[in-house]
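Heads up, the next two complexes both have chain A, just with different partners, chain B and then chain C.
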Partner chain A sequence: MDNKRKYVIPGDLVTTGPFRPEQNVILEGNKIISTTIGISEIYDDSVKVIPLTGKYLPKIDDLVIGKVISHTSLSWELDINSCYVGFLPAQDVFGRDFSAHADELTSKLKVGDLVAARIANFDRTRDPLVTISDRDLGKIDSGALVKISPSKVPRLIGKRGTMIQTIEMATNAAITIGQNGWVVVSCESPEGLLKAKKAIQMVNEKAHVANLTDQVKEMLESKGES
Partner chain B sequence: MASHTVIDELKRTQILELLEQGKRVDGRALDEPREITIETNAIPKANGSARVHIGDTEVICGVKIQPDRPFPDTGDKGLFICTAELLPLSHPTVETGPPQPHVIELARVVDRGIRESHMIDVSQLVIKKDKSVIGVFADNVVVDYDGNLFDACSYAATAALLTSKTPKWDWVDDKPTLVEGEDSQLPISTIPVSVTMGKIGNHIVVDPNGDEWDIMDARVTITTDSDGNICALQKGGFDGFTQDEIIQCGETSVRVGAKIREKLKAVQQGGQ
Partner chain C sequence: MGGRDATMVLLDENGIRCDGRKIDEPRRIMIKAGGLKNADGSAYIEFGDNKILVGVFGPRDVHPKHMSNTDTGILRVRYHMEPFSVTERKNPAPSRREIEISKVIKEALEPAVMLEKFPRTAVDVFIEVLQADGGTRCAALTAASVALADAGIPMRDMVAAIAAGKVADTIVLDVNNEEDQAGQADMPIGYMPSLKKITLLQLDGILTPEEYKKCVSVGVEGCKIVYELQKKALHNKYFGNRDD
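Here is the complex of A and B:
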């Protein structure tokens, strides 16, 4: 069986046989056909296609970076770089004794604020429910927002976090990666910030290249000397 | 479109902090426009066309030249009409449907800049007085949005007009008749250049990019002609400009416009 990764386009036959179709493939008879442009991967009993590009689809427990775009008297709406709008209920921030009369939502979060949030619930029929009541979640007060393609997020993290560790170590930056492709970089030194941003953009542009970690390392070190 | 985007607070703070130090978010000087590239003849079948990039903003302009009925009060002048349209693919907030007020404003500002500079000598575009004149239609299509559509559309329309070829029509049997093989340049008398400036806090920046556009308090678009005369001006936004600021903007538009005019001149010479 051909286990090698290959590039596929929609309609391409990925493989045939008794496999379980996972992401971005459909099963027709015993043929497994890709539904997107990406790299196909065949495992022992399943097949999937990792898309080269695409919008973010929320998954429960994903960490995302959201931007407050609006609010009602009971909840905020977050732009989470998806076709869905993140729904953040006021109770989540004010606690159980939240009162729509007494509490003003803008006192905690206002339009334009960035938050690190987690997808609490999502079933594709309603907008995803997000929460910020956890450690390391909540409003982001400093740093710079970098936007990359959500499909490149796994590459930015790297195998067991190697890529992101490389960047963080070389620049002394703290990087928060949202699964939705939004990344917040904060760093004490402006040079480190610039370098980290550049490295993230590099990963975004060259996600398909092999040995990318080495290339990123090289870039980070060469810049450090100049 | 731009009015519906919400810019994140971090970006806003960053832009404001940098401006306090006299710097801009993309490293430009306050009076420095982004890189402008102008490609003419982007649409081979049009009478004239141009594709203009200002940074990541991209506009395509097509010029159509055809006989038309003159307006009743200006039977001795040809027509010039400039329009603008935003494609839904240009920005996530753009929708199809009738044009939004800011798109109508865009078309009018671009039209006025070219019209009031008297770039095209419309009195030479008459086939038969009061009966038939030549109409020049410049249609701008925004393909990609990253701020400052006024200048992008203006340069696209100007570049397209500079390189347009107009066919010749004669008045035969009470109707305009095309004379084959007698194409000529449009009667061009000057090259208008618009320069848009945004006011963010107390700072005035030339050619605001998409992020700066979203947070600016006021803007002014000033069009100058080849002699350095101001021939059109449009102010927008909720804040105002002081008298000194307006004078400064006027001077900036002449100075910056002169450099951009050189690019348009090169386009004109390349097209002839």
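Here is the complex of A and C:
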């Protein structure tokens, strides 16, 4: 597997042959060419490039952290750190019997509130539709917001969640990671909160370093002893 | 602008040009990716005595809204020369020449950038020429494609650019300011090396059909040199100096 991984930049040839082009690659004749800076991965029948830079592009079923920027009488608009605004209809919060004159939207969510939401629908013709009607979704009442680069979110989660588990275990913090690069950390103890925030920033800055999990673990433990 | 010196020898009998280069040798080129914190992507290039800084924002909301396109994203480019970039103060207001170069660079980048992935958005490219010495449009285009890649905008290929020209009846690569003023022809070329496609081709001067063909091929070879430096700049920023 390792020998198939390669650092690529736009225009670089990833491979040739009968592969299915997936994320961030284009098929040009029989050549598969990368369209972004990243790490290429070749599977049995498909090729993709994991990007190292770039803005967040909404994907259906992604968990995102959004900030309410405005509302009309029927819906809220959320800043989801993307080039599009998230659209949260009032029915989603008030239920089916929502009525525009009887219910006041600000009673549930005000401008500036943070929301954990899921992308319900997104296509290129409309702004992404988000929902908060699910377990663990909805308004976030407490915690600290940490902003990282969206392309480093997979690194923060780690292989099967190892990285985030390491941080959560060492600091006793509850961490909610939005795929859009916004992370909410809540922790009972102020030291734990600071440490968790520091660990997240460390992952953001050193995402390319090998065995980062060990380094983060070391950092978390060293502070714990002192 | 650099005054014309009638006595200057553009090309001596040994094939050495006025600044000591060979006919197919580009000037010293240094490209650095990144460097600006607030822009989504940035690049800095030194191309001989040209010094150019590029910042890229986006994809982001389009303002004014009526400019947006529901089918695709739009690209906006501003090429601007600092008042101190030339020997005599340049008025900082956009001149006819700057508006033209902005348009030319925009159209040279458009075939490379895959804006159809981001409908209703804009990508803004800001090019600031800090010091000019002939061939700024090529240097600016080269730096702009590095900055776009740094911003993570999907691209089919990077655009590398360099000028070829005719000086003292000889086709030379990378025309500098003196050669541009006193030479016979100047041809900026933008090229996507992996896709083997030309995205920018201008010509100021007169060439025979044979000279024209020679000029294009010299320019394309030059672009390949520039392309390697663009790749190196991005590798240095993202992958450090690791071998791969």
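The definition used in the following text is that the second predicted complex is superposed on the first by the 223 of 226 C-alpha atoms of A that agree within 3 Å, B and C clash if a C-alpha of one lies under 4 Å from a C-alpha of the other, contacts with A are read in each partner's own complex, and residues count from 1 in each chain.
The rule is short, and it goes like this: contacts are C-beta pairs under 8 Å (C-beta built on N, C-alpha and C of every residue); 3 or more make two chains touch, one makes a residue touch a chain.
Since we're looking at a predicted model, the values are computed, not measured.
Peer 1: A:Ile9 in the overlay: touching chain B, chain C, both, or neither? Say first, second, both or neither.
Peer 2: After superposition on chain A, A:Ile9 lies in contact with chain C alone.
Peer 1: Contacts for A:Ser99 in the overlay, against chain B (first) and chain C (second): which applies, first, second, both or neither?
Peer 2: neither
Peer 1: Which partner chains sit in contact with A:Arg124 here, chain B, chain C, both or neither? Use first/second/both/neither.
Peer 2: A:Arg124 contacts chain C only, not chain B.
Peer 1: For A:Ile26, select first, second, both or neither according to whether it touches chain B, chain C, the two together, or no partner.
Peer 2: second
Peer 1: Of the two partner chains, chain B (first) and chain C (second), which one does A:Thr36 touch, if any: first, second, both, or neither?
Peer 2: After superposing on A, A:Thr36 lies in contact with chain C but is clear of chain B.
Peer 1: Once the two complexes are aligned on chain A, which partner has more residues of chain A within touching range, chain B or chain C?
Peer 2: Ranking chain B and chain C by residues of chain A touched puts C first.
Peer 1: Quick one: classify A:Ile69 as touching chain B (first), chain C (second), both or neither.
Peer 2: first
Peer 1: Go through the superposed model and pick first if A:Asn211 touches only chain B, second if only chain C, both, or neither.
Peer 2: Neither partner.
Peer 1: Counting contacts the way the document defines them, which residues of chain A are shared by the two interfaces, the one with chain B and the one with chain C?
Peer 2: In the superposed arrangement, which is not itself an observed complex, chain A uses no residue for both chain B and chain C.
Peer 1: Along chain A, where are the residues that touch chain B in the complex?
Peer 2: 67-69, 79, 111-114, 140, 142-145, 184
Peer 1: Give the list of chain A residues in touch with chain C in this complex.
Peer 2: On the chain A side, the touching residues are 6-7, 9-13, 24, 26, 28, 33, 35-37, 51-55, 57, 83-84, 124-125, 151, 208.
Peer 1: Residues of chain C touching chain A in their complex?
Peer 2: Against chain A, the touching part of chain C is residues 40-41, 58-61, 70, 112, 114, 117-121, 149-158, 192-195, 231, 234-235, 238-240, 242, 244.
Peer 1: For the complex, which residues does chain B have touching chain A?
Peer 2: Of all residues in chain B, those touching chain A are 6-12, 14.
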